[in-house]
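Chain lettering (A, B, C, D, E and F) follows the sequence in which the chains are written, and residue indices restart at 1 in each chain.
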Amino acid sequence: MERVRISIVGASGYVGGELLRLLLRHPYVEIAQVTSESHAGEPVHRVHPHLRKATGLTFCRMADLKPCDVLFIALPHGQVAPRIEAFAALAPVLVDLSADFRLRRPEDYARWYGHPHPHPEWLSRFVYGLPERYRAELRGARAISGVGCNATAAILALWPLVQADLLDPERPVIVDIQAASSEAGREPNPGSHHPERHGAIRPYAPVQHRHTAEVRQALGREGVVLSLTAVDAVRGVLAIAHAWPRDRIAEPELWRIYRAAYGEEPFIRLVKDRQGVHRLPDPKAVVGSNFADVGFAVEEETGRIVALCALDNLMKGAAGSAVQSLNIAMGWPETTGLDLIPVYPA
Amino acid sequence: MERVRISIVGASGYVGGELLRLLLRHPYVEIAQVTSESHAGEPVHRVHPHLRKATGLTFCRMADLKPCDVLFIALPHGQVAPRIEAFAALAPVLVDLSADFRLRRPEDYARWYGHPHPHPEWLSRFVYGLPERYRAELRGARAISGVGCNATAAILALWPLVQADLLDPERPVIVDIQAASSEAGREPNPGSHHPERHGAIRPYAPVQHRHTAEVRQALGREGVVLSLTAVDAVRGVLAIAHAWPRDRIAEPELWRIYRAAYGEEPFIRLVKDRQGVHRLPDPKAVVGSNFADVGFAVEEETGRIVALCALDNLMKGAAGSAVQSLNIAMGWPETTGLDLIPVYPA
Amino acid sequence: MERVRISIVGASGYVGGELLRLLLRHPYVEIAQVTSESHAGEPVHRVHPHLRKATGLTFCRMADLKPCDVLFIALPHGQVAPRIEAFAALAPVLVDLSADFRLRRPEDYARWYGHPHPHPEWLSRFVYGLPERYRAELRGARAISGVGCNATAAILALWPLVQADLLDPERPVIVDIQAASSEAGREPNPGSHHPERHGAIRPYAPVQHRHTAEVRQALGREGVVLSLTAVDAVRGVLAIAHAWPRDRIAEPELWRIYRAAYGEEPFIRLVKDRQGVHRLPDPKAVVGSNFADVGFAVEEETGRIVALCALDNLMKGAAGSAVQSLNIAMGWPETTGLDLIPVYPA
Amino acid sequence: MERVRISIVGASGYVGGELLRLLLRHPYVEIAQVTSESHAGEPVHRVHPHLRKATGLTFCRMADLKPCDVLFIALPHGQVAPRIEAFAALAPVLVDLSADFRLRRPEDYARWYGHPHPHPEWLSRFVYGLPERYRAELRGARAISGVGCNATAAILALWPLVQADLLDPERPVIVDIQAASSEAGREPNPGSHHPERHGAIRPYAPVQHRHTAEVRQALGREGVVLSLTAVDAVRGVLAIAHAWPRDRIAEPELWRIYRAAYGEEPFIRLVKDRQGVHRLPDPKAVVGSNFADVGFAVEEETGRIVALCALDNLMKGAAGSAVQSLNIAMGWPETTGLDLIPVYPA
Amino acid sequence: MSQAICPECAAGVPLREDVMLHEFLTCPECGTALEVVSLSPLTLDRAPQVEEDWGE
Amino acid sequence: MSQAICPECAAGVPLREDVMLHEFLTCPECGTALEVVSLSPLTLDRAPQVEEDWGE
């Protein structure tokens, strides 16, 4: 079989580096070109020290891109939509990791991003690249949108409860999210400076975070709100969702519901133990892998359900889900190139 | 003025070390004895390396304690109640940092700790040592209970809202808490082992945490629930409380309410900025000090109030509040010995 | 081809977990049994949360071991030598990760470990499992000793200089080593407690570290001394070796020497860049992989050579080198099962 | 007594913030003005969140400085020398924290900084602000240079050995230094970005570091070389100096020598214990204080002396030593305003 | 092989035919330590555990 | 000194008598950058700010 030729735009970023880590080992693809404006002409390993010896590629400019089979785009939010026609001219299959094509409805985009979408006609062509939610739609898809990492953690924690129609529609679901520093990408800023960020427990978006839109869209439910806090880790997202059932529910019943939803999922692990250090999902246990760990607890006194999901923001929260989605779209085995066991402890 | 003679039981622990850091510089007191069963006879600085040169004391056993003016007790939960009569025989003033005398009602203790209190008659003699809530009761108090660190963060975030009777009584308040590792004291365990705890975002008590009892008692409100997560920091607690007002409220009004509640408090700082890295409370900004930083945000779309409090668990969450309470009880200026500026960045 | 059946003794430890991470993906082997005395009967993933879904194995006791093709032993130092005959009775091929069979000469063992070796006759049967140094001896080996992680970093930094006979024999080589916390294994102790170890820069063996013996044996040179410091990382060793050449040497000449030594090595990367963040070896860039990054610098004024090596203590410093050595011993392609790209940033 | 009026130039930086933390509590001084070009007009606590409630000052521009009694200058290296006449016109006493006036001899400056000093005539007017070395010269000084933090750790570790003329003059002293991230100041850069710096053990100046010049000047000895490594901590420097004595020396003799040198020093603690976690100096034990912990070990086999010093780079390595030096210069008790116990654990 | 229901997670726990009363086993789904508390009907309960409490 | 109300936090912001239209100042309570948008009545509004966005 001839290998599918893939180019990556914005390959000097963290998501770009993670795509390279995955695709360089993927048996059905080869990397054609990788772009960076600020490091054009330099070897990839100068920016991605882990990729030394894994690739001899050098970065080129976006302007030097040649046609290819699949184009991955890992540019910052807002940088893709204006260029979408140019990208589409380069490749028949697009995978955009940015937030530009995650929402289906133009009015949602306008509401959460504060300005109208420059190419609203493209919104409905994209499939949201979360296989656990949109696997059927991903088959044969030609435009795949990457996921929001925080959104994915919230969605995967809550989806079984929503799907089973368990939740009280009158009561909002509150999702507290703890996020690691690589979420914000490679560009330094005063808040990412090591002396400032080390040891911080910094609430940075207690209300009205943009990922709320994706979560609501995927869950089909308005009453979900998010609060985000930055903590001292490099990779990882933990979502803690507080939800109220219509009727009291016991834990064994929740086990059944989560098993029904995720029992066949290759990358979801149910974590709920009564012993040991690792009783519930912790992003530390998935670092470097495409796993999302999901768990739950019920508060006997109040009936509150706490649903949890831990994932690696650069993997299940970005590059991993994107490659998984591409595998589905291309008709390859879904786990191809993603058989990575987490690195622990690290 | 003669210095008040203070002994500390359980002085080899983290709270014990913090009490020493404060009391060794306190102008009205002197340290008489410090106990440790496992380090009796050893110099204090072997266990507390920061106290080298600050004191030449050595630990003695509890059995060797002599009468003193004030006895601080920093033993683990459950170790104080059975010995309370013996401690009371040693000193006219007791300050117990453990959880043994925090609840007023014996039935609350039995419910949350799973067994009846061995000395219920003592419960009502203790005052909960949180000056922002019980200053009047602390004046002249002879038995002071230390606070729970997580509880204190939750209480201080919410108290102004409760006091102003702003909250919808029908809707529960959910408090997400992120906690640092020194909370659990000095004793190593599999979960505190550095390779396991480093980089962790570990939900360890998503439902039914014991501190809930203290929070409800102090707020006089049943519908409060807590969820706790361990993060990679040594000192610090952040409480993020999600609350729903009876009626929509705007941020300037909340400013007024928080200012009314805390404007005169020496150790509370309102943190809510629109610029810079430090827009909301972060425990990193209070390390080593007795400050509790309090802030809030209102979600325009939903009306949700997010109330936040950040503190140093060993200071405002333990030793700092205890010394502040003693100052009040003894009639000394409330901030004596507590004029420490946080160490930042650290 | 029938898969080779491997059992692992001491599989609940960190090296045991890393061996599992590698061997569960190794195409020529299958895992037969894994032992743990304290977790016998429990699923492997309770202790190794990353291995959830990667294996359904449960631990058994050492006493329950059955014969197998290859026995990996990952017990603490001192626990293997007394049992060596029993282990040898179980399998024709032994790979011992402990320090018990690293030294060739019984008198070296006695000198550095303070007591005579209980089975000195076995010492010469073992080959030191560092392919970059002993590849020829490893072919067909039936008893392989794992390496010391600190020792490996020192050896790999210095070996090209020694091999090229560049160093002044009169002047000692000083090796400063910074070490991460997983080096000490899974057992908690007061020094590994998170509040104590977080942020520490703790010199713990400034003189006379035991790994010195291995380094001298591998380099064939007496005048090498080590100093070790524990720093705040979970995985990684950095060795900084200060050496003095017989005659002044310039960097281009050193490039030639290091390239001659390591140009063909699959797991050694020469790192010496004049630009960017990653100019010299840093263990952060090899996390989770079997790479050892090697670099150097020459001080023009004094002639001092600084030779550096960074590796992941659980991989190139333990499980990775062991699997690489087994591959050689069995005649398999040397990199089988070791094609892991580091996880970065993490 | 009227308070001495102090202004601080470059007060928005980390050293500036630390000077404020100290001087705001100093009983003999008051702060007149604090400058920042990029935050002029903003409250100090926006940049220094720990100083909220400790001061209501706002930053002004350098151009708005008025005359004062003492001017502290905390600008980056190279920014002070060209302005020295202007600063001298503002205040009769100058304390410059930068590296611009640390070296006595213009030729040393030219050699290590690569260009001639713009105001060589000022070099000899400055006293190097390390009381343990230059106390006599500091009395009455009117121009004080701050110290290099790495240099100070190296000097304090070695000074007793040099002073006692113990070291073999033929053999170079090698100093390995591990440094925390606040050393580099507040300005973010690609290497200080949290995802890059977290968990790093990054050799960044293995040869020819500029601080070498200060170390040699203070020790009066040429053959000293430094190697620097960045580790994952915010505050702290550890120097590990490897030195060779003229004649074998035993540890009790070294105890005598270090005690003779430092027994009366208010801020030096000798740390050398045979038990417990804290046997040798670790910067973690001095965080937030002006202490420098000094220790040593002798390698029996080789005679090598390892001398160690741990300090807080912002305190003993910068602001602390500067205030201590000012105290001496002004004739105040040397420890005024510096009676801070380290914060531990943190 | 017969089955019994895990009281913790409602998974089916496979049991050997010769399983004995008071035998201990581990639920393969949720990892809970279980005890066979009745043979007919085959019933499992959580095995008594030493409480680990490493709270913060 | 006269006062105006901070639109962000409702604090009283002290103003010099000779304060000018479009003058910029900082609320001492909440730190918000403010602009004098009217002199009678004395009215403050949030000053236009370059948006810093360092989101994760």
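The working rule: a residue touches a chain if its C-beta (ideal position, glycine included) is under 8 Å from a C-beta of that chain, and two chains touch if they have at least 3 such contacts.
Worth saying up front: this structure is predicted, and the values here are computed from it rather than measured.
Comparing mean CA positions across the assembly, the chain most remote from chain B is C.
On a Cα centroid basis, the chain most remote from chain A in this structure is D.
The centroid of the Cα atoms in chain C and the matching centroid in chain F are 62 Å apart. Remark: chain A and chain F have CA centroids separated by 41 Å (rounded to whole angstrom).
Touching two or more other chains at once are residues 14, 46, 182, 190, 195, 198-199, 232-234, 276-277, 282, 284, 287, 345-346 of chain D.
Multi-chain contact residues of chain E, defined as those touching 2 or more other chains: 31, 54. On chain E, the positions that touch chain A within their shared complex are 6-11, 29-33, 46, 49, 52, 54.
Those residues of chain C whose C-beta lies close enough to touch chain E in the complex are 41-43, 45-46, 56, 58. Interface residues of chain B facing chain F in the complex, by the touch rule stated above, are 251-253, 255-256, 259, 270, 272-277. On the chain A side of its complex with chain C, the touching residues are 14, 17, 21, 24-25, 46-54, 182, 234-235, 269, 271, 273, 275-278, 282, 284-289, 291, 293, 339-346. Interface of chain F with chain D (complex): residues 24, 26, 28, 31.
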